[in-house]
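Okay, so chain A shows up in both of these, paired with chain B first and chain C after.
After this line comes the complex of A and B, so read on.
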């Protein structure tokens, strides 16, 4: 049977696409409210810090950020190719390294909270 | 020696202008740029949150620039468009068969829209919007 590394890329991509579809719009709404000067009560330091400080909160935040990053990296790779940037190996390397670095950084920041 | 060499007429950077459906495909592709940029903003936000109350408040204040508002409008459009097209595609990606028949596609997509609405309201509630 032919082996492929595609499932490894594909699973987080599909999971990320689903997470982005379900959760990113409402998260953007929350920071948009902050951008308009109406910071939602839950985005205050005390409550955000308490949420990100709990085990479940860390897991949720890391899951959303890491999966969204990975899915975006994969989609950006396809977007670059479709717009005529055909150096796919280079693009994929840069984007995937970026997504992995972003995920590791998120984990490090979450551990500090 | 072939008398009619194959000329592939597919300009790599402008092919999607040929058909409206290619343009729709590419308009969905472009949303990934704003989603990706927003993910970077989320990572920066986590860093600011870990740096303490003053850094977090400064981060929230920094969101109030005109650039940030424009970016948020683009990110809003991109994430809602991504979500809608994703849920519309679910009926093709995972058809459900019951007995001999397939569940109608709009029920599958509709269920995703309902779940999306419920989850969004729950997140807004938990974030203290209402």
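After this line comes the complex of A and C, so read on.
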């Protein structure tokens, strides 16, 4: 039996899982608050726009988006497998392409800021 | 002591006469504080001596009385009747071939257990005259939990991945590999990686976590497998991304192999 190359997809998945656990609930709450008109002090549009416009800000936002997408794609792949959807290569290809496309899109939009 | 009459629906299969398994219902007068195994013993003694099942210690130590009780893998000596209502359905452990009635063949697990080298492969050999291999309480705590496995195979019956892919080395065997990897006296991790880091090893696991839920010894195989995924991933980086990493690893691996044979 040869050693598996699964770490290539698993490491970003694990990193994304950590990112999701720490950042996503906060982002969801903040977005809802903003949608309801309660923008916390210090997180106003001008300030966030400046953050997203800086090099480090772009890198952080891209990291959060890309890793979260990759992690979700891999989790969904595993879930499909667990539920008996055994066309693993097809499922993996579709989901990973989705995650990569989303990551590229986020990079493109970030570059425009 | 209070008495209670319970209905037990037991899967019966005799390879000599039956073409397929069937359920047989028994009505058993039990004591309120009995476990399912007591009820089976009562059937065997007073109602139907042809019923077959394995058991030994009756105290959740030997790991031989694992069966599906109402669809859940349980030690029958640990399944209290007071926790069940209505008809209790008893079947042989899932994912293993049935030999007769509730008796399953554990051969696949035994073979996988051997493959992970579940024993200490000394880091450095020393003559007996130099004394024992010492260990601090902190070093013991690193693997103690994973050494509590009683080989009852409930985790294999609970694992959907093992059910779908019988090649999967599985929770208990991999957890024992982790137990020895974590032992300060052991130097056999790289030799075990040949099994652990394969697709059939930790990478078939999708972290469902059912193994840890059903484990009667609170071993938590799911955590052991996740930890091994991290070390296997670090190994992969060393072997593929760091120049010279693979050849350095190979040398260590060969020395380990020389140690065991």
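FYI, the second predicted complex is superposed on the first by the 101 of 113 C-alpha atoms of A that agree within 3 Å, B and C clash if a C-alpha of one lies under 4 Å from a C-alpha of the other, contacts with A are read in each partner's own complex, and residues count from 1 in each chain.
FYI, contacts are C-beta pairs under 8 Å (C-beta built on N, C-alpha and C of every residue); 3 or more make two chains touch, one makes a residue touch a chain.
Not measured: the values here are computed from a predicted model.
In the superposed pair of complexes, A:52 makes contact with chain B only, with no contact to chain C.
Of the two partner chains placed around the shared chain by superposition, neither chain B nor chain C is touched by A:96. In the superposition on chain A, A:72 contacts chain B only, with no contact to chain C.
When the shared chain is aligned, chain B comes close enough to touch A:22, but chain C does not. Counting the residues of chain A touched by each of chain B and chain C gives the higher count for B. Within the superposed three-chain model, A:82 lies in touch with chain B and with chain C [touch as defined at top].
In the superposition on chain A, A:10 makes contact with chain C only, while chain B stays out of contact range. Using the contact criterion defined above for the overlaid structures, shared-chain residue A:43 touches chain B, although it does not reach chain C.
In the superposition on chain A, A:33 contacts chain B only, with no contact to chain C. When both complexes are aligned on chain A by C-alpha atoms, chain A residues 78-79, 82, 84, 86 touch chain B in the first and chain C in the second. Interface of chain A with chain B (complex): residues 17-18, 20-37, 39-43, 45, 47-49, 52, 61, 64-65, 68-69, 71-73, 75-76, 78-79, 82-84, 86, 102, 105-106, 109-110, 112-113. Those residues of chain A lying in contact with chain C across their complex are 1-8, 10-11, 14, 78-79, 81-82, 84, 86. On chain C, the positions that touch chain A within their shared complex are 160-161, 164, 193-195, 197-201, 203, 206-208, 229-230, 232-233, 236-237, 239. The touching residues of chain B, when paired with chain A in their complex, are 12-14, 16, 26, 29-30, 32-33, 35-36, 38-43, 45-47, 49-50, 53, 56-57, 60, 63-64, 68-69, 72-73, 75-76, 79-80, 82-83, 86-87, 115-116, 119-120, 123-124, 126-129.
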